[in-house]
Structure formats: C-alpha cells, structure tokens
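Next come two complexes, and both contain subunit A; in the first it sits with subunit B, in the second with subunit C.
For the complex of A and B:
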C-alpha cells in the first residue's frame, strides 16, 4: 500500500506542476501583451472575452489546430524530442518550492542547488531543437542560448550561495522560515538579489537578453523551424518561466508565502491565505520583468558575455568573500550585512552607467567608427 | 521521498534505464544520438544516487554532467560536424577490443562489489550529512581539493592556448 501512496503523491505533484506551468503561461502571455500595450500607449488585445482575457485561450486553440510540420532535412527524433523535454525544468523545479505552509512537494536538503541544476535541462532541449532543425539561424540561436544560459548560471549560483550562507541551510523551507517577521533576505542582501534577478532574466532568454531569438538577426532563433504545438511548447515554457523564476526569487529573497494573516484559514494542514501572498509577490516581480523587457534595448553578444564574465562573476566572488567575512567576524552580523548590502547596491546602481559610458567613449577614441 | 526506503522495483527501473541509455551511446550510428543518450544515461545515474540516499551527489551529478559536460560535448559536435558524411561514429572499428575491456571491467567491479562488505542499500549510517561532507572537503582535505582545481585551470589555459590563432601583425 505504501508504494501506492507514493505513486499517488507523484501523480498529484505532476498534475499540479503542469497545471501551474500551463495556466501561468497563458496568463503571462495575456498579461504581457496588455502591459506592453499600456507602456506603448495602446489598448492591446481586448476583444476576446471581457477585456480580452480569453485571447490566450483562443491563441492556444489556434496553435493546436495548426499543421504538424517538420522540415524535410530535419532530424526526426531530436526535432520531436526537444519540445517534449523542454518543460522538464519548469515542472520539476516546483518540487522544492513551497507554495504555502504545509503545501510543498518535498523538502530536499540540497534544495537550492537543485533549483539551479534542474534549469540546465532547458538549455539541452534548446540545443537539441536548434541542431535538429538543420537551419543555420536555428543553430546560431541555439548556440547563443546555450552560451548565455551556461554563463549566467554562474552568477546565479554565486548569489544563491549567499542566501545559503545567511540562512545556514540549503533547504528551501528553512530559508522561508528564516524570513518570518518580515526579515526578508532581499532587505539584507539587495545587491545579491539584483545579481540574481539579472541572471534570471538572462536564464529566461528575455529582453534585454533575448539574443537567442532576436528577430532582426535570426528570424526566430532556435524556434525558426518549429510551428504548431511544437513551437507552442517552447513558447509556453518561456512564458511559464516568468512565473517560475519569480516564484524562486520570492521564495529565496522576499519571504515566500509569508504575509499578514497567512495562516488565518487552515484546513487539510495547508495555510490557504499564504497562497495569495505568494502569488501577489510573484506577480509584482513578473510585472517588473515585463517592464524591464520593454524599457531596455537588446545587448550585443560581446556585451552580454563581457557583462557575465567581467562584471557579474568577479563582483559575485567579492560579494561572497565580504559576506563570509561579515558573518564570521562582525558580532551583530545582520546589521553588518544590511549596511554592506545597501552600500554595494547603491554603489553598483550609481556607478554602473558612468563607468560604462566612460569605457565606451575611450573605446571609440581608440577605434573611430568607420561608416560604410 | 529521496533518502527514504524505496521499493526494489524502482532500482530495477533505474538500472534498466541506465543500461539501455549506455547501450544507446555505444550502438547509435549518429554521434548526436549517442551524445543525447549519454545525457539520459547521466540522468539515470543521478536517479540511482537519489535512490541510494545521496541527494547531494545526485544533484551535483545533474549540475555537472547533465548541465555542463554534456552541453560542452554537444557544443563540440554541433560546431565540428560536417553536413554530409562525417556525421557517423568514426571509432566504431574498435568494437571487439572495447567489448573485451568492458567485460573485464564489469567482472572486476562485480567481484569487488560482491566480495566486499559495504552494507545495505539506503543505510542511513553510510551516507554522511551535508555538514560532515563540507567539513571534509573544505577543512581536512582542502589542499588536495584546491590542487584538483589547479589541474582544471591548467587544462583550460592549455586549451585556450591551443585554440587561439596567432594574431595578424598590424
């Protein structure tokens, strides 16, 4: 009987995790289109259903009804395998995310490392899809995506290490419990959060880091040859990633599901109001992601790589050293972290733009731009 | 639950998965298929670690082998492959020698595993906690650990030196 309970739990998890992914993707697509329209002073999709809320559903049905097309020279096995496996990351990352008190699939004692490790699956699927398409645009898009996702995994891991150092545990639920009474890690380590947030945007392949599918250069990047529901899987995964990444950020930096009266309504051992706070915080971060996408122009490949390897990773290493020194040697280390975190945050935000502009100016003085 | 007791059938499933994927690595004629089935083989090994009550090793297996090493291998294949022809496995002529070596290796492993006294699967006393493990790595064995990373740096510098073309003189 025990094995039946285990299997039932596993099935329940898979159903809930896939439901979260699909619903989040459909909601996010609609939300982003309306938000983008608001930023661009337009109306956006507002015809299908009240205020256009059914637009995503209609698009999904259209996509499912499309012809299942595969290019003649494409590799048949890998071309199919790529969209099938692309969601493994987004679904299984939810294994260690606590939605609310008492509502978590498993408390893994290496939860934080699991968060990073499992996202590498998406890279693999994108590589497979780009290679199997037998199209140079797809290949270049896939190569860009893989290089970018591998590079930005490092600053992400470095920033997660700081969270683990502050809490003293790699268990995700312990990290949430540490942030009770509004002692959010995002307040103690705002610079670390900033680094995590930048790295997570790059991991999601979103603007300003959306080079893998930059329309003006690569048609649609790794997804060029895909259509119908196979393209739909890549598309859904990308938009579900918005919510999933923001959920991770909220869990690790902003107190997870905790909030006022989070435990007011309890039955079946689950604190139901917590879900509301969790989703509310998550969608604040999703909105920020959308806002960033439509505010900052796309980077070049060399700028992207230089930003990861020459700026984020060295700063992350220095950040780890400083945080470790503060935790070890400063008696009231929480105050020490608070001061260090905000000083480094404002130093980074304030100095980034002037230093970058100065370097660009010097570069131009050395090699004047030659127009064709 | 990782780290709990598990039904023996789970191990059979995982072992079959690893074996099938391993055979796929050797037998596929297309090198890309071999690489992808190697990824799934690594994944199966990670499942085996998770069953054997070592979640840390399982996650590191995914992070390092699935997330980094196999992606680098696939990268290399994608960038070097020729459109027509050179896309088959070219070292398939050593099948006989490889089979003998693999059989001997498997026999030695099986002999060691059967004759030694390494305890039961999933025995909690065998698997050290995260804290003990990190104490060993970063305290007691920190020098050999850092030495290993030095080897990696040397390999990386060598690769970069070999790969860079000489700059044209201005």
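For the complex of A and C:
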C-alpha cells in the first residue's frame, strides 16, 4: 500500500511540474508581451479574449498546427531529441522546490547541488539542437550558448555555496525553514543575491545576455531551423525558465513560501496561503527580469565572457572567503553578514558603473582623433 | 530524382568568398589551430536577415566570432529607376523619384526637381523654396529617427522599445506631411518651379507645436542610451572611419561629418534658401559608431532650428510659377546638369542629360548609400559579428537608393 501511495505521489508531482512549466510559459509569454508593450508605449496583444489573455493559447495552437519540418541535411536523431529533452531541466528542478509548507516532491540532501546540476541540462539540449540543425547560425548560437551557460554556472554555484554556508545545509526545505520570521538570506547577503541573479539571467539566455539567440546577429540562434511545435518547445522552455529561475531565487533568498498568514488555511498537511506568497514573490522577480531585458543593451561575446571570468568569479571567490571568515570568527555573525552584505552590495552597484565609464572615457581619450 | 545530399551550386559571391579563403590559406594567412586550417565558414547574411534593413546581402567569412571578410551583394531591389526616366516625360517621372530612397523620398524629389530646373533655367517662387526647406528638414528628422531607432534595435531589446518611441514621434511628422501633401511616404509634392499645394490652414501652428515638443523627445532618447555604460561599450572606438577613408571612398553625410569632415552641401555648395538660414554643421572627432549616432541626434536639433527660422521668415506669394497649373510639359534645351543635394544620408546627386525632347536622354543618380556601402568590406573585417551588425546599422543604408 505504501508503494502505491508513493507511486501516486510521484505521478502527482511530475504532473504538477509539467503543468507549472506549460502554464508558466503561456502566462509569461503574454505577460512579457504586455509589459514590453507598456515599456515601448504600445498596446500589445489585447484582442484574443479579455485583454488578450488567450493570445499565447492561440499562439500555442497555431504552433501545433504547423508543419513538422526538418531540414534535409539535419541529423535526424539529435534534431528530434533536442526539443524533447530541453524541458528536463525546467521540470526536474521543481522536484526539490517547496511550493509551500508540506508540499514538496522530495527533500534531497544535496538539493542545492542538484539545482545547479540539473540546470546544465538545458545547455546540452541547446548544443544538440544547434549542432544537429546543420546551419551556421544555429552552430554559432549553440556554441555561444554553451560557452555562456558554462561560464555563468560558476558564479551561480559560488553564490549558492554562500547560501549553503549561512544555513549549514544543502537541503532546500531547511534553507526555507531557516528564513522563517523574515530573516531572508537576500537581506543577509544582498550582494550574493545580485550575483545569483545576474548569473541566472545569463543561464536563461535573456537580455542583456541573450547572445545565443540575438535576433539581429544570428536570426534566431540555435532555434533558426526549428519551426512548429519543435520551436515551441524551445520557446516554452525559455519562458517557463523565467518562472522557474525566479522560484529558485525566491526559495533560496526570499523565504520561499513564507509570508503573513502563510499557514492560516491548512488541510491535507499543506499550508495553502503559502502558495500565494510563493507566486507573488516569484512574479515580482519575473517582472524585474522583463524590465531588465528592455533596459540594458545586449553585451558582446568578449564582454560577456570578461564579465563572468574577470569580474563575477573573482568577486564571488572573495565573497565566499569573507563570508566564511565572518561565520567562523565573528561572534554575532548574522549582524556581521548583514553589514558586509549591504556594504559590498552598495559598493558594487555604486562603483561598477562609474568605474566602467571612467575606463571607457580614458579609452576614448587614447583613441586617435581622426579629424587631424 | 532529387538527391537530398546534393548541395546547390554556390553562387558567384559565395564562390568568391571561398576562393579568397583558399588564397589566404595558400599565402599562409589562414587561421591555423593545431594544423587545422578549416575553421573559417562562409555565412550568408541576407537578403532576408533581421539586421540588414532591407534586402542587403552580405556574404561574410567568419572565423569563430571574428569577421574575416565581407562581400556585399546588391541588386535585390533593382527596379530600373534610371531607365524608366528615359520613357517618361520630366513631369511624369516625379512620383518615381520618391520610390528610390523611400525614407527621405521628399529630398530625392527635391534633388530631381532642382536638376530639371537648372537644366531648363527655371526660377522657383520664394514661398515654395521655404516650403521645400521645411518639408525637406522634416523628412531629414523622420529619416534620422528611423536610422537611429533601427540601429539601437540592432543592439538590443532596449532598442526595440526605443525604436517604438522613435516611430511614435515620426508619426507626427508623417501626419504633418500627410496633411500637406496627401501622402505619408510617396509624396509626389514638388513641381518644377514650386510645390503642388500651399500650406493648409493651421499647418504652421501644428508644425510649431511639433517644434516645441520634439526637443524634449530627443532628450528622452538621449537619456535612454547616452549614459548607458553597455551602450557606450558597444559603440565607442568601434568601426572607425578615418578621414582618408572618407576621401578614398567618397563617404558623405553624417558618416563623413562624424569623422570630422566639415562637408555639408547645404553649406559648402548651397542651394535653395540655405544661405539665408543660420545653422551649424555638426561634426565629431572620432569617427566611431557613437559619433555617428551623436551626429544624427544633433542634426535633428539643427533641423528643428532651420524649420523654425523658415516658419518665421515664410513669405507670402504663390507656390507655383505663373498660373495655378504646374508646367506639365517642359522641354529643356540640350545639355546636361548635375545637382548634389544634402540628403539625410549624404550627397544625393542627380545627373540629367537632355537632348531637347520631352524625355530625359539619360538620368543617373549618385546615391550616398551606394558609396557608403563600398566601405563595408574594409570597415567590417576584423570585428566581431556583433560589432559588424552595429557598424552596418550605424552606416544607415537604404537599399531602395542603392539598387534604384
């Protein structure tokens, strides 16, 4: 009987994970289009259903109705496999995320490591799709994606290590439990969160790090040769990724499902109001992602790599050392972390832009004046 | 039977690119990693590519992210504009001029009409001259808005917001033009010796409202990108056009002025009423992408100044020669004439040879974009793909003008 319950439980959570991915993708596509229209002083889709909410559903049906097309010279196996496997990351990452109190697939003892490891799966699918398409744009896009995602996984892991160090556990539910009473890790380590956030934008291939599919350079990057529902899978994964990454960020840095009256309504051992807080926090971060996309121009490949390897990774290592020192030697280490976190956060935010601009100004002064 | 493993024969441009790779490997210049010399690929950008703004085709040789060689291929928008002139009377050809360079169509019309007037020795009424300057400068602003907007859109999704701001404000100009001429793009407005319609009632006030509103909008655009470190990083010290390049390749317009060459036909070879107007020729020092962008932004301000002066000085009088009807049939004496006009993109020259009949014997355009395109192989080689896209956006090509 226990085995039966376990199987039912597993099926339930897999269904939920897939449902979250699909619903989140449809919602996010619509949300981003409206948000982007608002930023660009336009209306956006507002004809299909009330306020256009059914637009992405209509688009999904359109995509399903399209011809299943494969280029003649493409690798048939990999080309078909890539869009099928691309969702694995987004789906299985949810297995360690608590949606709310008592509502979590599994409390893995290496939860944080699992998060980072499973994210890399997307890279594999993208590389597979880009290589199999046998298109030069796809190939360049796929290689860019691989280089970028591998590079940014390091700062991501470095920032997650700090979370694990503060909490003293790799279990995700323990990390959430640690943040009860609003002691959010995002408050203790804002700089760490910033690093995580930047790295997660790069992991998602979104602007300003959307080089793998920068439409003005590579047409559609790795997805150039895909059409119909195969392209739809890449597209769904990308937009579901917004919600999934924000869920991870909320879980690790902003107290997960915790909030006022989170446990007010309880049955079947689940705290139902928590889901609301979880989603609310998640969508605050999703909005930030959309906003950032339309505020910062795209970086260039060398600048992107330099940003990861010359700035984020050294700063992340220093951050780890400093945090470890504070936790080890400062008696009231929570206060120490608070001070250190905010000082480093403001130092980074306040100094990065002026230093960069100063370097550019110097560089421009050195640049020969062509008007002699 | 169709053989699915047979790749189509590469066309001339791709063959040329492949041959160049072979030659450079034979010279020992090919990139060589562990004895493997096959890491250069020929990529076909265009004629349908998101960043080529029209039907420009670039055959690009890539070494990883690096652009090694560029071969521009043109002619996808060729519509025999020059040949068409030989079968139409001078008057019938006016609407066709609009369709050459469609973003600044009224300036092209102006160049053509001026050439015919020079050929026939016609005078233009004074009020019409001012209206021509006003409409020409309005279209210069509209054209620069498209140029800068699409260029920023090449850089980022930020630009996709910016391009919508710019098209939103361009609408106001197009509405003004529509009220005046009845069309939004293909105006058919200039006539020999004047313009087709006088300004409608209230148009001057509407234009003044636009002049008052637009400087704020320019500030808004500048606030978006001018202080953005990533934008500066992407644009400064990249794609530098030296003064030697400008002279060698015959670059004109904002691209030349960004390299510090004080060349503006409105000032150096003045036509119409420009000598009476007070405006500055915008130049910059470095000749990079950022300077070209800055030049266009500042030129919009200067255009506003010119329009304001014209509205103040606007004289009363007829807008067409003699009677209300324009001279439909003119027969210029045999001879030839060339007039260069300062188009938003540079010197737009029209050369007409007349044999004394109702039809031009030969008509030839000197298109600024055509000359600017020649610089592409030199300018783009050695940059990253992303830079190449930004540079080609900053040069601001209109394929309608290049292919004619």
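Please note the rule applied: the second predicted complex is superposed on the first by the 357 of 372 C-alpha atoms of A that agree within 3 Å, B and C clash if a C-alpha of one lies under 4 Å from a C-alpha of the other, contacts with A are read in each partner's own complex, and residues count from 1 in each chain.
Basically, contacts are C-beta pairs under 8 Å (C-beta built on N, C-alpha and C of every residue); 3 or more make two chains touch, one makes a residue touch a chain.
Just so we're clear, the structure is a prediction, and the values are computed from it rather than from any experiment.
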Side-by-side fit of subunit B and subunit C on subunit A, or clash: fit
Contacts of A:302 with subunit B and subunit C, given as first, second, both or neither: second
Which of subunit B and subunit C A:121 touches, first, second, both or neither: first
Which partner reaches more residues of subunit A (counting touched residues only), subunit B or subunit C: C
First, second, both or neither for A:364, with subunit B first and subunit C second: second
Which of subunit B and subunit C A:131 touches, first, second, both or neither: first
First (subunit B), second (subunit C), both or neither touched by A:81: first
Touching partner for A:353 - first (subunit B), second (subunit C), both, neither: second
Touching partner for A:105 - first (subunit B), second (subunit C), both, neither: neither
First (subunit B), second (subunit C), both or neither touched by A:164: neither
Touched partner set for A:204, first subunit B, second subunit C, both or neither: neither
Distance in angstrom between the closest Cα atoms of subunit C and subunit B, superposition on A: 7
Contact residues common to both interfaces of subunit A (with subunit B and with subunit C): none
Contact set on subunit A toward subunit B in their complex: 3, 6, 75, 77-78, 81, 106, 108-110, 113-114, 116-118, 120-121, 123-124, 127-128, 131, 139, 142-143, 146, 150, 153, 170
Of subunit A, residues touching subunit C in the complex: 36, 39-42, 72-73, 136-137, 140, 207-208, 210-211, 214-219, 293-303, 353, 356-357, 360, 363-364, 367, 369-372
Contact set on subunit B toward subunit A in their complex: 1-3, 7, 30, 32-33, 36, 39, 55-56, 59-60, 62-63, 66-68, 70-71, 74-75, 78-79, 129-130
In the complex with subunit A, residue positions of subunit C that touch it: 4-5, 7, 41, 43, 49-51, 62, 65, 152-161, 164-165, 168, 225, 228-234, 236-237, 240-243, 259-261, 283-288, 384-387, 389, 393
